[in-house]
Amino acid sequence: MAGNTTGKMFSVTTFGSSHGRALGAVVDGCPAGLELNEEDIQVELNKRRPGTSDITSSRSEQDQVEILSGVFEGKTDGTPIAAVVYNKDVDSAAYEDLKNKPRPGHGDYGWISRYKHYDYRGGGRGSGRITIGHVIGGAVAKKLLNTVNIKVIAHVTQIGKVKSHKVNLDLIEEYSKRNPVRCADPQAANKMEEAILQAKSLGDSIGGIVETIIFNLPAGIGEPVFDKLDGDLSRALMSIGSVKGVEIGFGFDLAESTASETNDEFYIEKDTIKTTTNTSGGVLGGISIGMPVVMRMAVKPTPSISLLQKTVDLERMEESKIEIKGRHDPCICPRIVPVAESAVAIVLADHMIRSGFINPCHL
Amino acid sequence: MAGNTTGKMFSVTTFGSSHGRALGAVVDGCPAGLELNEEDIQVELNKRRPGTSDITSSRSEQDQVEILSGVFEGKTDGTPIAAVVYNKDVDSAAYEDLKNKPRPGHGDYGWISRYKHYDYRGGGRGSGRITIGHVIGGAVAKKLLNTVNIKVIAHVTQIGKVKSHKVNLDLIEEYSKRNPVRCADPQAANKMEEAILQAKSLGDSIGGIVETIIFNLPAGIGEPVFDKLDGDLSRALMSIGSVKGVEIGFGFDLAESTASETNDEFYIEKDTIKTTTNTSGGVLGGISIGMPVVMRMAVKPTPSISLLQKTVDLERMEESKIEIKGRHDPCICPRIVPVAESAVAIVLADHMIRSGFINPCHL
Amino acid sequence: MAGNTTGKMFSVTTFGSSHGRALGAVVDGCPAGLELNEEDIQVELNKRRPGTSDITSSRSEQDQVEILSGVFEGKTDGTPIAAVVYNKDVDSAAYEDLKNKPRPGHGDYGWISRYKHYDYRGGGRGSGRITIGHVIGGAVAKKLLNTVNIKVIAHVTQIGKVKSHKVNLDLIEEYSKRNPVRCADPQAANKMEEAILQAKSLGDSIGGIVETIIFNLPAGIGEPVFDKLDGDLSRALMSIGSVKGVEIGFGFDLAESTASETNDEFYIEKDTIKTTTNTSGGVLGGISIGMPVVMRMAVKPTPSISLLQKTVDLERMEESKIEIKGRHDPCICPRIVPVAESAVAIVLADHMIRSGFINPCHL
Amino acid sequence: MAGNTTGKMFSVTTFGSSHGRALGAVVDGCPAGLELNEEDIQVELNKRRPGTSDITSSRSEQDQVEILSGVFEGKTDGTPIAAVVYNKDVDSAAYEDLKNKPRPGHGDYGWISRYKHYDYRGGGRGSGRITIGHVIGGAVAKKLLNTVNIKVIAHVTQIGKVKSHKVNLDLIEEYSKRNPVRCADPQAANKMEEAILQAKSLGDSIGGIVETIIFNLPAGIGEPVFDKLDGDLSRALMSIGSVKGVEIGFGFDLAESTASETNDEFYIEKDTIKTTTNTSGGVLGGISIGMPVVMRMAVKPTPSISLLQKTVDLERMEESKIEIKGRHDPCICPRIVPVAESAVAIVLADHMIRSGFINPCHL
């Protein structure tokens, strides 16, 4: 399939652009018999909706979802689940000026090089808004994973130079919901919010780190040698706009260590094999081992800033400058949290079916 | 396709295990008309061969490749290129003891959980030896990429806490070849070698960082939104055994920065669009922009060490201990260099065809 | 991808059911720069719309299409083209009675066996109505093929025992449009219409044969050994509801022949290689040879008939009987014509890109 | 994946050519725990081996298979099963003359058009000899299907104008083994053999029909709407060299019938749903219904004949003539029987896993 579809048995195809008529997704391969309604998806979309706090874009979108197919009498029926969100608050005026001038840090130049004819309004399909499709797919995937008790939780662990303290794994979900930054450490959350507001006040933006944790994933998930679980998860996370790095377990810290320091040793707890430490992040040799899967991703500062920047005018082939107006997030980390969860959930739903843990046809 | 095949238009399927009869690969989708012979592949295999220095495993394998198909009169003919390497120096005695005891840091436990019936000898198909398949595929991909002037170079930038200084991009290939560590900074290389030998003398192993650079990739490569270039590259690198993190451009450092500090501004040099800095690592919005693509991957210390470690006996379901004998690398970074190049080259060959830059049928 | 997506570089994902909210398709991998508007798709949908003559179902649907994405300033922009048709004239009353009774000749029993939870209304996603998705995909594919002068024409050559005479290839398109049966031989068309009306008057239905011809396909299209052109075309045609046989060129007649009678000999006409006969139907060894590609498919009588039939009650697990009411086509051949064209066009668009004849990114 | 791989969960990749060094296949996605040895594959290869009777090619090949990977202690271990057959009796002299002259009815011209650089010796990878790969894949698939009691049997039902009488389904396997034609009706078999020998004596060849039957396939197999069971089977059969038509159940006869004559009515036999007739050939709406699946394929006469034929010299671009020497089958039907079984078994193994009837990881 072409690049807007992902997944082999549980597939998600997304469509739409920032300023076009609508955005949406088709979820195929979801087994029949899963309870699903529009509210299940709406709840997830609301988490990534803009305009909900001082630290997000002011674009006002309700992002109301409509399910077009795939649900019969309140349950999936094994046919594709199509869902759509119409764009309502489109204001393309701010982009007319940017038509031939690729924005630094944005995908414009690559898109123009590749497709020649490019919808420059709001970044077109290069916009973060297209993750509505991810979240629709993720909402279905999460409901499916719930049936086997798997949970995916993302939270912010760093904004700029502000780092959160370690929070007990079991508390992260609850604690991170309590503030707009989506950080489980309340004191760090305050400082993070300040850092974001400061960047905003300067017409600037700031980066951060988002951690995603998978709970209750059984051992044995992941398909060597090219469809390894960590490989597929990395691809899914790295494919989210603004993500520039992914690590699992102790990640880059392992590069500085010796095996005697970091090999996770096995032991038995209540008839279950566990490891005393989890430097591996729950995946060894590309296959899950029954420990929590822990990944972190580096999120760069939102490239749209109102400061004057140098660029080129592609039509005139001369150097030029731009000031980006539009409505932008001074830090995308809080809103990327549900997208990271969705991206991971989609990969897991696919791998759970591919590994024989979820029946491909019906629950 | 199942998990041992990768690539959509340029596909590589690999097979074989550490102590089985043979390993190899089938490369499908290579256009006809590419000059190719066994020596082209052998040269690459020799770079990852064990037993070539003090800092690699002592297993003695010539890894002689035989091309079985796909080449006619010295050129590819558009049919699948199958190539095979027979295992010669197999010594499974050391593994008998490990049969039911998963080695800490190794994939054994995941493989056993997934497949039940597991070839434990030498790590089976979880062994690093299976990257012979990657390198066969990579050798063909590199030759194909050469026809459009694209080059992929990997080198070691860190071993344990020893970091190399920045070396001019153009010198990396030549300089990194001059020492067994494959580091382009000669002074750092010496210290890295020492660090590896020290770990070895302690029966331990050590991690590091390998950087891979793509030269001369045109703008416009990468397929949003799920088959982004950086996403596919991350997956390929993360799927190499022992890799636990991947970053592109400034990667995790971007998390600590603001956009005004790190947005790459565009300018024109000799009719070509370039960026003044390259924090993005040559990919924006998942599509290449014509700048060098720079990725780093975190390599954990080889998990096989001779020190006594705790594990469990899966048959008896009781806690146990192991000492791993066998022949192992005290640091896998030097030998992972050609594998990283191969993994990246395979992704690029595929994407170049998918983007219309290389004809899918013939050169 | 899961089963509702087809195509590797040019992909079509369809969704929706007979009595659900909407049906539609997402077309991914269409190069940017193709002129496309809703009317282009509407024209094709109108060809398969019910209620247009005495010999089709009386369900009254305008099948008005809305393009949701992928078109910018009148041209495709390389992003997925989503298009949707809302169901308007849904009347599920007639199906309540059939809920647990699989209709003979219909897919109900297989669907129930596979998915357990089944949308029985109007045949759910087993309905012929789902070919709206095929036609949306086909409309885009046809426009794309037009840019390289390729044309796909289907027409009816047999209804029951009434066979059309051979009509000159160049006249088939025009002549077959002149009657509701879509047969290029006007005298046969009259008899076919009679045969259909007679079946209708008896509460019965009748089968037939639809031929599809590809004009101006260059030599070299088709990917051995598993993605052969004739293999992929057969799959596409056989996957249309009610199709039970596919043949290419002289097809089953070749089974009765000798090579000396039927081998197509090559000759040269105006610097072009041609064959004196075309028993092969334009494909040899799975690759096109530059001659017209000619396929025929056997269409069974529509299984929905109003006559009393034996079946089983799956809930009570006892034998039972049904009379199918609803609104049905006494012969599906005329309305399957645009679907066959679409199915073939989708395969060709994909293979033309995969063969390097159409640029995958932009026109 | 590229065109030499087929299957989504159970994948077969084949390689090799008629006169190259070797042919073979890599079977990926076979669950661990299946008993498998070289003899299991050899038995199947022997069925398609040439030189076994008067009515097959005289090329003398033992087609000795070697398993390179994927089997550990007599059982599959979930890793790819690579198997190879070296070419032994290669005689390319006869083909030197045909280098630039495409043989009528053969794939040469399409291959040259597509790939430019073409291995013309023995038809290269367009040769029937490449079905060694199919049979290797099929042998593994059959063993896997045996574990769930599914059996695939093919036999010859027609040669030229000689048709076999109907033979009871349960006797076909045994009876068709008793003669070199592989026809279950002994009297027809005699006449078929005569017809083949007569064609041979005239330097000609003759076509026929091969029927393939799947026994014990459960209801619910097949993935609408593009991966229907009959669609995928048609593609697999049509992709075998020389096949020009495929039908399922009553196939083309249904085109001449009415629904009241041919709808299969349901009834209950020992708690199982069955149909009184099987005009559908066991598949409705693309999904199996638990009845035997019956397909027929039209096989054209082998295009290689020794009679003088017209063709063109592609180098000189002038009309020319050829006499094909080499060693050829006067009728390919008998040797295509195991290939048809293999092609069908590969599709079924894949669909059984995709439908949740066979665990993807282990038995």
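Read from first to last, the chains carry the letters A, B, C and D; within each, the first residue is number 1.
As a working rule, a contact is a pair of C-beta atoms (placed from the backbone, for glycine too) under 8 Å apart; a residue touches a chain by one contact, two chains touch by 3 or more.
These figures come from a predicted structure and were not determined experimentally.
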Label of the chain whose CA centroid is most distant from the centroid of subunit D: A
Pair joined by more contacting C-beta pairs (B-D or C-D): C-D
Cα-centroid distance, subunit B relative to subunit C, in whole angstrom: 46
Whole-Å gap between the CA centroids of subunit B and subunit D: 38
Distance between the centres, which are taken as Cα means, of subunit D and subunit C, whole angstrom: 26
Residue numbers of subunit A (touch at least two other chains): 2-5, 8-9, 14, 79, 114, 125, 220, 224, 355, 361
Residues of subunit C touching subunit A in the complex: 1-5, 7-11, 13-17, 20-24, 26, 28-29, 32-33, 66-70, 72-73, 75-82, 84, 111, 114-119, 124-125, 361-362
Contact footprint of subunit A on subunit D as seen in their complex: 8-9, 79, 220, 224, 354-356, 359-361
Footprint of subunit B on subunit A - complex, ascending: 2-6, 14, 102, 104-111, 113-114, 125-126, 130, 133, 158, 160-161, 199, 202, 204-209, 218-228, 230-232, 234-236, 238-239, 241, 244-268, 271, 273, 275-276, 279-281, 283-290, 298-305, 307, 309-312, 314, 317-319, 355
